[in-house]
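Both complexes below contain chain A, partnered by chain B and then by chain C.
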Partner chain A sequence: MQPLLQIQDLNLTVDGKPLVTDLSFSIAAGERLGLIGESGSGKSLTAMAATGLLPRAITATGAVTLGGQQVIGAPERVLNGLRGTVAAFVFQEPLTALDPLLRVAQQVAEPLRRRARRDGHELAGSALQREVLALLEQVALPQPERIARSYPNEISGGQRQRVAIAMALACQPQLLIADEPTTALDVTTQAEILKLLDGLVRERGMALLFISHDLPVVAEIVERVVVMQRGVAVETGPVREVFGAPQHDYTRALVVAAKAFDGALEGTA
Partner chain B sequence: MSLVSVQNVSFGYSRDRLVLDGVSLEIRSGASVGLVGESGSGKTTLLRLLLGLTRPSAGEIRFDGATLDTRSSRYMRDYRRQVQAVFQDPYSSLDPRQNVLGIVSEPLRSLGIPGDRPALVEAALVSVGLEPDILGRYPHEFSGGQRQRIAIARAIVAKPKLLLADEAVSALDLSTRIRIVELLKQLAADMTLVFVSHDLGVVAALCDEMVILEKGRIVEAGATRKMLADPQHPYTRKLLGSVPRMPA
Partner chain C sequence: MSAVAATAPRARGSLTLWLGLLLVGLHIAVALLTLVWLPYDPAALTGGRLTPPSWEHWAGTDRLGRDFFTQIMIGSRIALIVGISAVAIGGLIGVTLGVLAAFATRLLDDALAATLDILIAFPTLLIAMLVVAASDTASLGTAVLALGIALSAIVARLTRILAKRVLLMDYITAARTSGTSWLGIVFQHVLPNIWPTLSVNFALQFGLAVIAEASLSYLGLGAPPPNASWGRLLQEAQGTVYTAPIGAIAPGIALVSLVIGVNLLADGLRDIGDPTRRGSR
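What follows is the complex of A and B.
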């Protein structure tokens, strides 16, 4: 079976300067993959390249196949068909991902309407309203009626991220791409959102591309990881193997640092 | 003896909504104390009060036995010499148009501290692990971790008694973060450190004592080791339980 997302020999450059070099990996349907790296590693750019969202100034070569469709060089019309249907995004900062001037209900309604149109029927009025509330319930938002009426600034950061997740789910994508989805959140909220994402991905059999700099967070939610350093994948493998016995010096340094803070918490450092 | 004594301090922007509610805290001379809390806990407000940037609505802060008197410019000048700060983002906390000498010597100039400024700056740079020959270079030439070292050099150049750090390693990559934590730990041996952070792992690695804030109140305070091993308050337990750990 063809993987859902296949990236082969991807090279990204800006003015001839390499940003991502000879990157290859794939995600099968229902698989959960973590892309780990520090700032400047190219992990977010890779996710943008996967859905054809790269800024114009960046040149991409190689092959990116999403849902059987070549993404690099594809016209916007084709890419728009893939977005939402095949893959949907959840970003780091839910405050900027949401439109501050629209009530939550209006924002969540938009992708729902789009999906209905894609499936060949129109969704409006009270039927649409019901679907919005059902979706808000699925992301475990308390008092969905109240949240639906609220503007983004009237709800908490964790609630905003739940709304953003609801919008991504509205299109029933096969692949959810989450780019540092818990980095801007408090630690207790982060734990809740990770649990929610984990449950939703499992329930729906979605594939997950989880991008993060935070090793323990990644370890909680994915099966396999790709470690990136300055645009190059330095190590790939099952998360327990890579974190348990890292082969590359860079991975080893990251694991040692992460374990040092863990050790401090356990009182062993 | 306490270097800082926070006595029943409250702060609010309006009378019925307090950001800090009756907070009391003693900071021993030489201690390294982590102020831990999530957004809305009041940890940053407490730091602003300690910096003398804001006045408490009620209660009092005492430093070295005297009241922190934000209204007296003479007192505040002396206070600034004793108390310096490092902030979260090393990209916005350094003036891009000043070179390293200008940035690090700024406290010496504004506080009117006499002496051989370039020599004092070089000594500060060396103690934060930077080469002394970077005086003529500008912030954009440095990485995030190096910038944070420059910011720390500026904070310690006037040899303060108390260093206040606000999420000082949160914006840094993991591998850089651990090195800056090591540096702060080393510096904390010779001064008092108050380290504000949402990151329990970093506080555990750096601070001997910690204070847990929730919604403007202190819920638990004490020796870090003891609190980690045997947290008393349900909120402390919730915080500790929420920190993701590496797989065994």
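What follows is the complex of A and C.
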């Protein structure tokens, strides 16, 4: 069977300067893959390239197939059809993930309605409201009715991130792309959101592309990792192998740093 | 302490709003009144020439003996028509161009941005004068159209910058990944989010348009005589500013009160319209 997302020899450049070089990996349906690397290593751009959302300034070559459709060079109309059903995003910044001028209920309702229309039926009125509340409950938001009526600035960062996850789920995507979804949150909230994502992805059999610069976070939620450094994949493989016996210097440094951090935590405990 | 911090901006916001409402409401009321009732026939010679303000003539009479207050009232109507129409024309053209530029390919966007910068380098009044001069009849319509076109460049540049900033937000990318069309993004996310800033700018443009129309009339390029534009009243008062200063003071006060009122109103409305400013934190 063809993988859900296949990236083959992807090269991204801006004004001739390479940002991502000869990157290849694939994600099968239901598979969970981690993309790990320091800030600026090209992780977000890779995710954008996978869904055809690259900024105009950036040139892409290579092959990206999402849900069996070639993405690079595809017209916006084709991509639009693909995006609503195949992939959905959760981002790093809970502050900019939601439109500040729309109530939570309106923001969650929009992808729900569009998804329903694609499946050939209209969703509106109280049926739509019920679906919105059901989704807010699935992402474990307390008092979903109150949250549904709130504006984004009236709820916490962790709650906003849960709403963003609900919006992504509303699309019923086969692939969820989470770009550092916990980086901007405090440690406790971080753990809660990770647990939530993990549960939701398993429950629904969704594939997951999880992007992070934080090794322990990635190790917790994915099966396979791609380690990136300055736009190049330096190591790929199952989480246990890559982090248990790192082959590349950069991966080794990441593992050592994570262990040192854990050690420091235990030392103070 | 926090209670004080939370209520202070709201109190200030509502004072701004009420003052703005009062001033603008007054002008609108007067403008509507002129449609059905005027103290005197604006063309009738009702008293002595250049008489000072009195109980019969609140703002005195002009050099032909016509009631000056009647003309100021008609001026309110003209100023409102000019301001609203010019902003409507400028806003429609400007917002459309600005949004298109924000979505356009890099090359088209650069070209549009450069054109707008050049247009904006010329003063609004100068562009308006050129448009009026190019059309052979001076009428209120030409003046309004000219001002609208001149303003559209300013609106377009602002819209383009604001829209680009909104387009960088994650919720736009999320909307695009969930399959929202670009028109959907414009109407659902971009326009509402740039509206608070844009509407305050529209108020500024309204003021600019009213002042520019007064200047055009002052230069004899605005509405022709039966229309008592404040600019024309000011021009007519020029020769008699020492003997009958009310002729310059009254239209001046009318003009300033309308321009300030609209700006206060816009500021106040922005504060209630924007959930992030409603002091809920």
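Here is the rule we go by: the second predicted complex is superposed on the first by the 267 of 269 C-alpha atoms of A that agree within 3 Å, B and C clash if a C-alpha of one lies under 4 Å from a C-alpha of the other, contacts with A are read in each partner's own complex, and residues count from 1 in each chain.
Going forward, contacts are C-beta pairs under 8 Å (C-beta built on N, C-alpha and C of every residue); 3 or more make two chains touch, one makes a residue touch a chain.
The model shown is predicted, which means the values in this text are computed figures rather than measured ones.
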Once the structures are superposed on A, label A:L215 by its partner contacts, choosing first (chain B), second (chain C), both or neither. first
Looking at A:R240, would you say it contacts chain B, chain C, both, or neither? Reply first, second, both or neither. first
So, does A:Y151 touch the first partner chain B, the second partner chain C, both, or neither? second
Name the contact category of A:V163: first (chain B only), second (chain C only), both, or neither. neither
Chain B versus chain C as contact partner of A:T51, first or second or both or neither: second
Is A:E38 touching anything from chain B or chain C once the two structures are fitted on A? First, second, both or neither. first
Regarding the shared-chain residue A:K259, is it in contact with chain B (first), chain C (second), both, or neither? first
From the superposed pair, tell me which chain A residues show up as contacts to chain B and also as contacts to chain C. none
Considering the complex alone, what residue numbers of chain C touch chain A? 105-106, 169-171, 173-182, 188-189, 192-193, 274-276, 280-281
State the interface residues of chain B toward chain A in the complex, per the touch definition above. 38-39, 144, 173-175, 177-178, 198-202, 204-205, 225, 228-229, 238-247
Residue ranges of chain A in contact with chain C within the complex: 48, 51, 53, 56-57, 76, 80-81, 83-85, 87-89, 91-93, 96-102, 107, 110-111, 114-115, 118, 151, 153-154, 164, 167-168, 170-171, 177
Contacts from chain A onto chain B in the complex sit at residues 38-39, 157, 186-191, 194, 213-217, 219-220, 239-240, 243-244, 253-255, 257-262, 264-267, 269
